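Have a look at the structure below before the remarks.
Labels A, B, C and D are assigned to the chains in the order they are written; within every chain, residues are numbered from 1.
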Amino acid sequence: MSKVTTATEAVKAVRDGDTLLVGGFLTAGSPETLLEKLLTESTARGLTVVSNDTGTEHTNMIKIMKQGRVVKVHGSYIGANPVTGQMLIDDPDSVVLYPQGTLAEKIRAGGAGIAAFYTPVGVGTVVEKGKEKRTFDGKEYLLETALRGNVAFIKATIADKAGNCFMRGSTKNFGAIMARAADYVVAEAEKIVEVGELDPELVTVPGIFVDAVVPSEVKAPLKTYV
Amino acid sequence: MSKVTTATEAVKAVRDGDTLLVGGFLTAGSPETLLEKLLTESTARGLTVVSNDTGTEHTNMIKIMKQGRVVKVHGSYIGANPVTGQMLIDDPDSVVLYPQGTLAEKIRAGGAGIAAFYTPVGVGTVVEKGKEKRTFDGKEYLLETALRGNVAFIKATIADKAGNCFMRGSTKNFGAIMARAADYVVAEAEKIVEVGELDPELVTVPGIFVDAVVPSEVKAPLKTYV
Amino acid sequence: MDAKNRIAKRVAKELKDGNVINLGIGLPTLVANHVPDGINVVLQAEHGILGAGPAAEPGREDPDYINAGGFPITVRPGASFFDSATSFALIRGGHVDVTILGALQVDAEGNLANWMVPGKRVPGMGGAMDLVVGAKKVIVAMEHTAKGSPRIVKKCTYPLTAVNVVDMIVTEMGVIHVTDKGLVLTEIAPGLTADEVQAATEADLIISEDLKVMDIGN
Amino acid sequence: MDAKNRIAKRVAKELKDGNVINLGIGLPTLVANHVPDGINVVLQAEHGILGAGPAAEPGREDPDYINAGGFPITVRPGASFFDSATSFALIRGGHVDVTILGALQVDAEGNLANWMVPGKRVPGMGGAMDLVVGAKKVIVAMEHTAKGSPRIVKKCTYPLTAVNVVDMIVTEMGVIHVTDKGLVLTEIAPGLTADEVQAATEADLIISEDLKVMDIGN
């Protein structure tokens, strides 16, 4: 049972109003092939995007946002995407910013059946607004709840046809956890191999989390953005 | 700066009254060399042991327990160690049992700076006794707090001299997370290599978590225990 | 085929291609031997394996590859390994499709008791509580009675493993679904009457209008 | 040596062999160039690297190996990689020994503001809040003033990154420790007087009885 399909086919999983989790940290691990097809082949709109940074000026998410199809963003560092920055100015509620570790942990919790957790990060800052604060052993913590998506787009260096993914170097970042926190997960892979060819010790994302595998054909330009 | 030392030296880190985290699931990943030296070379007592199962009748933890040096156990499945079973009968407060995933998550939280989390596991059972129950999205959850230790004993298949550990196959289990949740971590390794010889993609436990590396010389007998 | 294998074979028919399944100790492990042709399932072992395979051949045991019972096993192509926190994140997060396990008692509300008998030595709950809460479908596979004493009861009296989690019970006598209205007997073993199944069951059984003979054929 | 490198060199003297450190964008990245001989530190990058090394040589960039600023880097022997949840578990869990970062404002209570200027475009806090809360030691490395306007203030007016987290401030004018009693000037740049440092500082400085010349020697 091969999960390999085309990016054009795979992006049909994104429907109007969906929450889309997008892996990657700036350029590393960004699923540019899937985003390009979402840009050109899909009309899904009213999207909520969960992404560490919503990419950069030179990657595909900003183009989708310019089409007006993204109504809400959950992110952490948006300094490399001026459209997200403008969204925040125009409507402060449309962009929710979290400490990067809180965002990562919320997504992990979403995939791990944990409803909420207490983190010390953000206490005494704007992050605590509207959140429960509680003291454990004399230290204050904020309650943060889990975050999940309808669809996740992730990028692998190597995937096998059953969806097992190896993400090399610093490309694991958010994709590895988002794969566990969405109902439908699409992985684009630079190389697709037969089942059994990927060393079990190198599996970053087990295939059971992945619904579709597509060839990765578009690369993010390698630049410095911060 | 090599972290390699002897097991005899390394077990000196365990002091009276300490909480000791012991990696392993039954025989897989059990740090038998360190436990043997704790048995024969250390007099530390009044210990609290955190272990999934406290080993089996044929491994070393039971011998340490027979010396009367363990006063409390946090575990999940203790059916293969009759001494732990007897402790629970003699003093119900001396053995605290958790759902296995709750135990694993408590230890992860201990290493991750998370004070507490809400899990749905254990609701409506004896596990909920004394714990806060709370509803999120119509489903009930229990509040579980983080667990840490003074010392952790873990087992690696390969370690480099900086403490980077590769744990093969099903030996990762609890050792990989305990390494992050103790003040002092000792890894016994079947093979010790130079820094740089271990593939960065195969590191189960980064060396920054590991304080001492010792050669693994004692193996747990391979039997079926459940 | 003995009773245990008949139960296992019937349970195996519930599995769908691509399912991620977890098999408890004992009878449930037999299910792996009866997975229908053309159905590929991914066996999860709660201490950190996806894609567990058959037992290792004698003399070829690998101490780093054991199942949740401590038994040396192999893995299938496409397997992966991870730590216990990751493994239970997977389980708790709803990524196991079917968990199959034994029971001391199951009741009409789908409550399950399978981890301790009061007064007896307590082995601990291990991963059972996590598995039944996390899995999308929970199937109890067991012999219908314990030496004649009903295991399917009105209300569990033993300490619970979890509340309202069991979807389906498969025994050598038949197949029972847990529904909002109570326990529905949907299949019955050849040669038995519904009254005989009810007699071996403490809880009240609703007999399905569409009661079938228990399907353990090819 | 320019002011930024003098600051970086003084900060580097705080590092101990084996320390795990995280360097913020900008001036703090210069610290890596000044780590004293015999001191080996492990550079952590918050998106999932331990053991980050120098920038990749032109033409040998590897798009899978970037630093937290998106810049292509190398890794050192003994490096490892992991996902963001694991990386911030490491950070939040207190496993980073020293985090070095810039500031818009630091105040007498060790409060830090370094992620947004009211009225300007908001870039987001990224990993800064996690790093300063999680790290065992927080060093602010920055130029003493912003075009003459004090950055070391009585009370931060910009939105905070975290409360009471800064341990030490290193600028081209001197070294200041955050203590329960307030800000203590412990070292001063050659040729400056304590009054001159105070004049460039809004917060009150306590002058250490043991005030030394700022140590940026070998």
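Descriptive notes on the structure:
By our rule, contacts are C-beta pairs under 8 Å (C-beta built on N, C-alpha and C of every residue); 3 or more make two chains touch, one makes a residue touch a chain.
Fair warning: this is a prediction, and the values are worked out from it, not measured in the lab.
The set of chains in contact with chain A as well as chain C comprises B. Across A-D and B-D, it is A-D that has more C-beta pairs touching. Put simply, the C-alpha centre of chain B and that of chain C have 29 angstrom between them. Chain C and chain D have Cα centroids lying 55 Å from one another. Centres computed as Cα averages put chain B at a distance of 35 Å from chain D. Along chain C, residues 75, 81-82, 88-89, 91-92, 133-134 each make contact with two or more other chains.
Listed for chain B are residues 105, 108, 112-114, 119-121, 168-169, 200-201, each touching two or more other chains. By the document's touch criterion, interfaces exist between A-B, A-C, A-D, B-C, B-D. By the touch criterion stated above, chain C contacts chain B in their complex at residues 25, 45-49, 61-66, 68-72, 75, 81-85, 87-89, 91-92, 111, 121-130, 133-134, 159-164. Against chain B, in their complex, chain D makes its touches with residues 17-18, 20, 40, 42, 50-51, 75, 77-82, 88-95, 133-134. Residues of chain A that touch chain B in their complex: 105, 109, 112-121, 136-137, 139, 141, 145, 166, 168-169, 200-202. Listing the residues of chain B that touch chain D in their complex gives 1, 108, 110-114, 160, 162, 164, 180-181, 195-196, 198, 200-201, 203, 206-209.
Those residues of chain A whose C-beta lies close enough to touch chain D in the complex are 25-28, 52-53, 56, 75-80, 82, 85, 88-89, 97-102, 104-105, 107-108, 119-127, 157, 168-177, 204, 219-220, 222-226.
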